[in-house]
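For reference, the structures are reproduced in the following blocks.
Both complexes shown next keep chain A, but they swap its partner, so chain B is in the first and chain C is in the second.
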Partner chain A sequence: MTTYSKGLRALTLATIGSITLALALVFFYAPLDADQGFVQKIFYLHVPLAIISLCGFVLGGLLAIGHLRTGDRVWDMRSYVAIHMALIFGIGGIISGSIWAKASWGHWWVWNEPTLVSFLIVLLLFATYQPLRFSIEDPERQARYASVFAITAGAFVPLNFIAVRLAQQFVHPRILTLGGGNLPGSMRLTFFVSLIGLALLYATLWKYEMTAKNARMQTRRLRRRLMGEDAVRPLGRSAAPS
Partner chain B sequence: MIVLATSPALAPGKAAPYVIAAYIVFLAIVLIYVAIMAKRLRSTERDLATLKREVEQRDAIDASSEAREREPVG
Partner chain C sequence: MKTAMAVLRKDITLELRTFETVPAMALFSLTTFVIFHFGLNRASVKGQLAAGVLTVTLLFAAMLGAGRLFVAEREQGGFDAFLLAPVDRNSLLVAKAAAMFIFLAVLELVAVPAFALLLLGPALWPRLLGLIAVLALADVGLAVIGTLVSAIAIHTRARDLISPIIGLPLLIPALIATARAAGPLLQAHTSGSPPGKWVAILALYDCVFGLVAYAVFDFLLEE
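Our next item is the complex of A and B:
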């Protein structure tokens, strides 16, 4: 059992349980929204996906600080996986948001809506992370440059979020605020269960990916021990330390 | 923009395909990702087990040949 696979089974079960509970609450407990009706049910998926995606980008930046401070490439690998997962969640968030926009506004995308466009900018910014990373061949330089990018782009996320919140054009629904928001109790409960379920899913997939990367690293080490340095192919598109 | 924000709610019959589509997209992304990961992890774990066995065998052979070399000759 590797370091990362410890507790993976329990985490997976907790994720399955919480997502099942969230789906049950969404479809059988949360009342229909008076303004939007049934289509508002997408909110319980779209908003947590977007929140976790943005938190994942920030987490990637924080983990990258660990790499620059310690020089240990394991931190870089953690940061890489955090950003990789956040990108997947972000794509899910943008697709579900687009479906909601079509149902609610009649358009798949609205270019003059600040929240949508700013989220797309963040997503595109982090979409350049992998091409940037794998355009550098030297593993040490690759990890260092990727960490600097992750920290800078990670710091951009909250700044971008605050800027959009301060914007005057509040067309995008503002349901959650620091004061607790204006959701009724049953909707708030459903939302937070969904948020917890998706946060657990993020953590599970992160751990899963780290376990796989760790196993691949061990395989490379053993192969090198058995067959010598030349027998092991170059890492190519991998963030795993050699 | 105000027209977009105050557009009337769709009837449940019309809204259902959108809601179902959103949840299906999400589940499909998760399932495809997990399936790809599971396949790669299984193959890596298989490789790892084979390599571990080979390293153990080689270490055992090395240990026995070293012991033979240390035995006094004649």
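Our next item is the complex of A and C:
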């Protein structure tokens, strides 16, 4: 029996600390952008959200490999939570990106923008993860099929980025080139601090959801043992593994 | 391999006796061309627009065919029989993907000449070989993903819904590459060979998803 609450408090404190530091850097340390002014600050939210969400999708695929290899349903739950959180981060990323695009390019949506378009495609694909789970009744099969989907979709993420990027001209600023892009040092520092802060937030939320699911599972098991099989009704239609 | 051949032979025989899937796909694509004619309000198309029309039509026809791929297995207990047999489970993937590829190739034998006749502005002949190469690579991708998605969707409650909503986003990179590779081929003046970059992407897509499908297909069959 594993518990996920271990280290949760330390992780939460680290998240609060790093996000506070990141916000302080964003508002008081990083210089104002010469062209875009204050609106450019959304960059420190939008880019980390998008990067973490993509990493979360791939992580979900890797965890799903663990499920198929071991047959242990815990891995499926981990993969589910990773994808679930990545979806939330991704929606945040695409909304903040849209706001930024409106402010700096004048349009809510720009098609000749490979990063935006490929991100949308990835979101569209992963948005089908939960409907797929919902429509399979048998929990064993649900876990297996969801893992197959997560692995396929995880492999899809990099390939999709290659295809869409080649299809379009570059408009989007390339921030994470190997040379560090053309960001000035203070901006780069702020960016990396917010990246770390949001990555910690992702890890914390993942851990919280795992803890909650685990606690619910154990409570149900105990109640069942105490009050008999009939006393604990099965969970209603839920796509989440439990 | 022998198992795969046996299942493939069964599928082909079934199709030849019932004429269920491929004629429906062909009819569907002809109707789609008519809709495109009116929707775009054009007597003929060329270049990138023509490539888009052809790609989208073939994609939807393929999704139609993929939905039928495992229906016989499910309704008549073919899955159980296959699981009882002491054979490699991946041969089912190979057989079904091969059947799907053959269905798509036959469909294109009808749909591409019909497209040339009904909608395509420039003549088909100078670009035929290049187009065949691009479509063959696209068919591999469509067949692999179609089989995988169909196998995932067949045991779900809303399987007619699930297979297209998963299949379409998964196929987007292949479709971008197909449309972009076919675009220059369908211009009024063409060199007759598709752009290498897009053919390479298409081949990469086929390889990656072929391997992924081969790795995960096992788990879709367990009981």
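A few comments on the model shown:
Just so we're on the same page, the second predicted complex is superposed on the first by the 224 of 242 C-alpha atoms of A that agree within 3 Å, B and C clash if a C-alpha of one lies under 4 Å from a C-alpha of the other, contacts with A are read in each partner's own complex, and residues count from 1 in each chain.
Here is the rule we use: a contact is a pair of C-beta atoms (placed from the backbone, for glycine too) under 8 Å apart; a residue touches a chain by one contact, two chains touch by 3 or more.
Just so you know, these numbers come straight off a predicted model, no measurement behind them.
Superposition of the two structures on chain A leaves chain B and chain C fitting side by side, clash-free. A count of residues in chain A touched by chain B and by chain C gives the higher number to B. Of the two partner chains placed by superposition, A:10 touches none, neither chain B nor chain C. Contact with chain B, but none with chain C, is seen for A:37 once the two complexes are overlaid on the shared chain. In the superposition on chain A, contact of A:99 is made with chain B only, not with chain C. Judged by the touch definition given at the top, the superposed model places A:24 against neither chain B nor chain C. By the document's definition of touching, of the two partners only chain B reaches A:45; chain C does not. In the superposed model, chain B and chain C sit 130 degrees apart as seen from the Cα centre of chain A, a figure rounded to the nearest 10. Superposition on the common chain places the nearest Cα atoms of chain B and chain C 19 Å from each other. The interface of chain A with chain B does not overlap its interface with chain C at any residue. For chain A in complex with chain B, the residues that touch the partner chain are 23, 32-33, 35-39, 41-42, 45-46, 49, 88, 91-92, 95-96, 99-100, 102-107, 110, 112-113, 169, 171, 201, 205, 208-209, 211-212, 215-216, 218-219, 222-223, 225-226. By the touch criterion given at the top, residues 68, 121-122, 124-125, 128, 131-132, 135-137, 141, 144-145, 147-149, 151-153, 155-156, 159-160, 162-164, 166-167 of chain A touch chain C in their complex. Interface residues of chain B facing chain A in the complex, by the touch rule stated above, are 1-2, 4-5, 7, 9-12, 15-16, 18-19, 21-23, 25-26, 29-30, 33-34, 37, 40-41, 44-45, 47-48, 51-52, 54-55, 58. Touching chain A in their complex are the following residues of chain C: 148, 152, 155-159, 161-162, 165-166, 169-170, 172-173, 176-177, 180, 197-198, 201, 204-205, 208-209, 212-213, 215-216, 219-220, 222.
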